[in-house]
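Each chain gets a letter, A, B, C and D, in the order it is written, and its residues are counted from 1.
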């Protein structure tokens, strides 16, 4: 057991799994929401404990400097989202969009999703990682479809089919990696243990690694939401319940990106293999520019921010693809900032949509007049996501753009163009929603401002002051990422 | 002792311009009348007009503001100061360094600025006509003047009138294409600025054509007197400007004895006479233009002046 | 023993590719399902053979799953679905049969080329196997793309997955194959159930034709 | 004063803006905010002046903020000190005005929090000593001002103005970011100190210059990047407009000077060609645009564009002289540019405050609805008049001095060895003279139509003089206009250390010269004495007045206007702003705006009225911005189809991508 599942990590897997089971059995939805919050919180605490007590690496479990960042971020956002989801769900019950029975299912699934994502993050075994990601996909599919409206079902279906194909490709890539590893590592379990693989990667057959990376990039890239593999993402965000949109944007995309990064490291370790950087950089740029243009004609607020997620995943992938200490640092920072900001935006948007009774941008006007907190919250969120100081994303974008332009100016042109175009689109919509003559409300809502405040506060702090240890940590991780 | 002398020269200068201005205008009118086979008013008529106007009570429109009463003095003062800074019969005026040529142009500019405001103060359509047209002409005339200044300054290496005059008398000046163009430009600008034919007709009150007269339409009494005097001073100023820049002969230089000063005065008066004569001749032989032909006319001056500057770099003195 | 082992594995893998071609060729749904069942059987054989020559008993489980699940349960379920939902019986191709076949050839060729670039150092069995597996995967994708009919697309996806299982089984001593195949069967089951639940009559594209028309507009 | 003091003041400003949020709704909050900002700006002003006069050696401080491994560095040298003076002078007067204005308009929930933040942002930009800090504060400044522009967001125009503004602002920031990226190099040496040491290749330097011209120019309002300015500046509350025009554009000038003169190293001669041309075009186009306006605040905004052009002319000349190693001349040109920077901030703030007073009193920005205000608000009118004379570059006020210096600098240009510059400088001089003359015309219009004549609407007849504090703010600035006009030597000498650090030489000391006149190069060459001119005019005017009143009559009688015998009581018969600008439009508009006049004259006996229609085109919008927006919209529309594909089509895209990558792989090596 210990070798299989070291104690520190046991908690972050067991707690969600157990809670999922309990929640699936709890009939009263009054109890389930707090329980959900509680267990998410506990998971977060245990995740923090990983800092102090790092479990030793086993055949299935790996906790290193790289994925601790992901795990902590993951559990934290999961926790804040559960807090938001409590108030959000309450309102959904009042309006009758969700029935108690579906809610039971929803909460259980939430924890299962948490379990799957944590598993994918700490898995040292690429096969296990694949299974976890597939599990996460299935759960999110179910949650996206939870409203049972035709739109929701169609979105879920789209997500499901495209996701499955992506998963299938990823699996083929995984198999290829094993086959590439077998001659050197030998048969059996070791052939899939990432830490072992990366140690011997230099001896692998480059051609097989290249082929594997193509499949993995496309497979997990579908989950990251990179254009042109993004098609599932906007609808899944738009039609599912907002907490799920927040989790998708804030966490699941990161998990998939994490998988890509792991395999990137594998290829980097092999001198013969093609450098994975350029492929990632190109896909990133394509997603950025494409999403920037797509932002303009959006009518649905959640779909718009979904496209903005595509844009930012593009930036992050580009940064990691570019490589180098500055760009990698920027990529990490940008990823964290984006998770926090985008989930905060979705929290705000969720309440806004409830207040206005619509997700149509044109019907949302003058928020800062009628709902100052929500309105200015949205303004702050969009400013943060648009990369304006003194908020964190400005720092990362500053680093990405400047290092790109200093190193390869030609790449900077589409980058800057994309950023500006996206900025124009976001601000255009923001002004329409936050200012002007207010539109009428349909329902009052007991919004939970705490998560929003917490996220934006963190983002603001990161924009002004980054604590030195954190910086050292990130620089270390950046150096790990080449 | 020297300072006293220079001070005397300066004061003499100020009085000279003040006294000669009406005489010049009277002379021009007389000559014009003669050319038209009329006897014309006596030479000293302008002085009489001034006195008569000054004695009358001033009638002020009830919609006028304090600015309306304040402007005549300001315009007069500005014009007078600038006129007294232009060397007439002697260079090296005591205060000439307090404002160079550019500053003098700017001073005239402020005078125009306030006169145009006064034209709009009462709130009549005619005042508006005058001000807007004056402003429009000025937008062409002032750059032309500045360009002329450039030409001279680049030739003489200074914007200081005394220095330029001194340089012009020196053999170094020579005969240049640029200077010729600048002279023509300056003459055109002078005609425009002084509201002479063909730009404007000082003798008419035909509403649609008048510019300067429209601005002072509401003025009467002492205010009108001051404004008239100011406009006459302006004419004198331009004449003496042309004289000291392009015909500085006989002008007394610094530290010269009294004789030289006397010669300077005589030559200056004769220059004035010549200028008045030619002005009268010109005005009788040419017809007034339509208002919107004027920009083209003044534009020619601007173009010439600009060409003059550019030609400086390619042409050497003959 | 080595020789025969290799040849038989090779034969079975090749057969799998052949069946994939047959799948592409079908234009009747029922026959499509039958062929798919056939492919499942072939897969079962080849996995079992792999289990035998690799002395990897757990692969028998995978083979069993393949047989029970893909060769029997799923085809029957799909038969019933077709009958229940009254899906009309022939497969309408988006792309004509000829072009599809040519594309299929090209894809197979491509996967061969890609695989043969892999240096011969890797053991040939895995290498050849992999080439066939990749071909099967590509053909499955091709089927999903060229067929505009829910059931045939499901079939396409499943044959793709057959390719994956083949590759996994062929990878000597690969761990977790069983888990993976189970996970995958779950996936497939989901799809089939989805097809049934959401009454996907014609295409994956829509849950319900009218519904689609309704929010094409709002979908912006 | 140590730099820490300045940073503390800025921190206090930020605290103030937070307080404004917390105390919102309280009656006293406006007084607190404006009073606080007033006090802090005065402190900053004093400190900066002290630094500038005492000429303390630059001192810096590094805080562990901002970019982690760089930290955020702040440094105060002569240049920063000078611009701090400019900015805080503006902010002090604006705060004073705001203090008074808050009596008319009690609750300004959307103004108060952002006002101090805006001040803090501007101050921080001037103190920043590394790229990140500078850009962060720069963008923060833009954001705060954007919020202020959006203060009256209910009007659609303001919202549009805000949108155009923030997009242009981030565009400019991006350009500056790229420029800094080039200066910092791939290793990310973002500190100015390291940038000063490191040198870049000429090509890169040229690219940096272009980027800085775009970045700083878009904020300063260089044509054709000026489009946001006349929209945004008027949209804000008037004292904020004063700040944006008077102070924020100067921050942009600062950025340009800091990068081009300080960080970028030795200039190439052709840089000055670019800068001079842009400056000249901007000056003339700005004033021509202004002449076509009849919205008072927009007119002022366009004049900001013009004056920015004049400043850039000075800077361009300085670059040219520096490129050919003529430090004395460079010092003259740079002094001219910087002095005009200061002067413009003074009289433009004054004018905007005056326009604000008019707006508060009448609720009108459109000059066609004003008139005769000199009777209702005499003090405002007087202050505004001073501003008009000063901005028209007429002696004895300050505007003239800086333009005179610029002319003197141009007159040195023939000594430049480059023929291109020999020819270009006088041409630019012509443009400068033209813009000055046009400006005079424009302000005759502005003052004449707004304050003179007879009231055109009821609103004007009901107008009354604005409050004391606003008046005080305006008069303080007006006094400054006169002082800077008649004692220019003092200001020139104050600028000496700044110029010394940037071009390695300074103008000859002016204080010593007798009669306090200024002599840029040599006594024999050119000199100007504002004080004496002022005294002369005053003396001779009073002399004339006394003489006439004594010797002749001083009797006055008021009567209805004469008006050639046909006085018309209807105030609409007065010349309007449009009709005043008519002749100028006919002369210049044809090529500048493709202005076309159509006269529709009914046949005799027809009863319909004759009609004159004028159509004008903003060429910059039509040829630069519309195409870009159209392109973006077009692409967005085309790409948008990808939102409506069926799952099968999406799948085929995925497969396509896969096949493509496999092909690449197959054809690899």
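What we mean here is this: a residue touches a chain if its C-beta (ideal position, glycine included) is under 8 Å from a C-beta of that chain, and two chains touch if they have at least 3 such contacts.
On a predicted model such as this, the values are computed, not experimentally measured, just so you know.
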Touching both chain C and chain D: give me those chains, sorted by label. A
Contact distance in steps, from chain B to chain D: 1
Farthest-lying chain, centroid of Cα atoms versus that of chain D: C
By number of C-beta pairs in contact, which chain pair leads? B-D
So which chain ends up in the middle if you average the CA atoms? D
Give, as an integer number of Å, the spacing between the C-alpha centres of chain B and chain A. 79
Averaged-CA centre spacing for the pair chain C and chain B, given as whole angstrom: 100
Rounded to the nearest Å, the gap separating the Cα centres of chain A and chain D is 45
Using mean CA coordinates as chain centres, what's the chain A-chain C distance in Å? 31
Please output the residue numbers of chain D that touch at least 2 other chains, ranges allowed. 640, 643, 647, 651, 658, 662, 665, 668
Touching at least two other chains at once: which residues of chain A meet that condition? 157, 161, 165, 211, 297
Quick one: which residues in chain C touch 2 or more of the other chains? 114, 117, 141, 144, 204, 206, 219-220
In contact (per the touch rule at the top): chain pairs: A-C, A-D, B-D, C-D
Across the complex, what residues on chain D touch chain B? 371-372, 374-375, 378, 385, 389, 392-395, 400, 404, 407-408, 410-411, 414, 419, 422-423, 426-427, 429-430, 433-434, 436-438, 440-441, 443-445, 447-449, 452-454, 515, 517, 523-529, 532-533, 536-538, 540-542, 544-545, 548, 551-564, 567-568, 571, 573-575, 579-584, 586-588
Which of the residues in chain A come into contact with chain C in the complex? 125, 127-128, 130-131, 134-135, 138, 141, 150-151, 153-154, 157, 160-161, 164-165, 167-168, 171-172, 175-176, 178-180, 182-183, 187-189, 191-192, 205, 207-208, 211, 235, 297-300, 303, 360
Seen from chain B, its contact residues with chain D in the complex are 51, 54-67, 69, 73-74, 76-78, 80-81, 95, 97-100, 102-103, 106-107, 109-110, 112-113, 116-117, 120-129, 131-133, 135-136, 138-143, 146-147, 150, 153-154, 157-160, 163, 205, 207, 217-218, 221-222, 225-226, 291-292, 295, 302, 306, 309-310, 312-313
Quick one: which bits of chain A touch chain D in the complex? Just the residue numbers, please. 157-158, 161-162, 165-166, 169, 210-211, 214-215, 217-218, 222, 228-229, 231-232, 234, 274, 279, 290, 293-294, 296-297, 326, 368, 383, 386, 388-390, 394-395, 398-399, 401-407, 412, 416, 419-421, 423-424, 427-428, 431, 435-437, 463-466, 468, 471, 475
Considering the complex alone, what residue numbers of chain D touch chain A? 64-69, 131-132, 135-137, 139-140, 143, 150, 153-154, 156, 159, 162-163, 166-167, 170-171, 174, 177-178, 180-182, 184-186, 188, 190, 632-633, 635-637, 639-640, 642-643, 645, 647, 650-651, 653-654, 657-658, 661-662, 665, 668
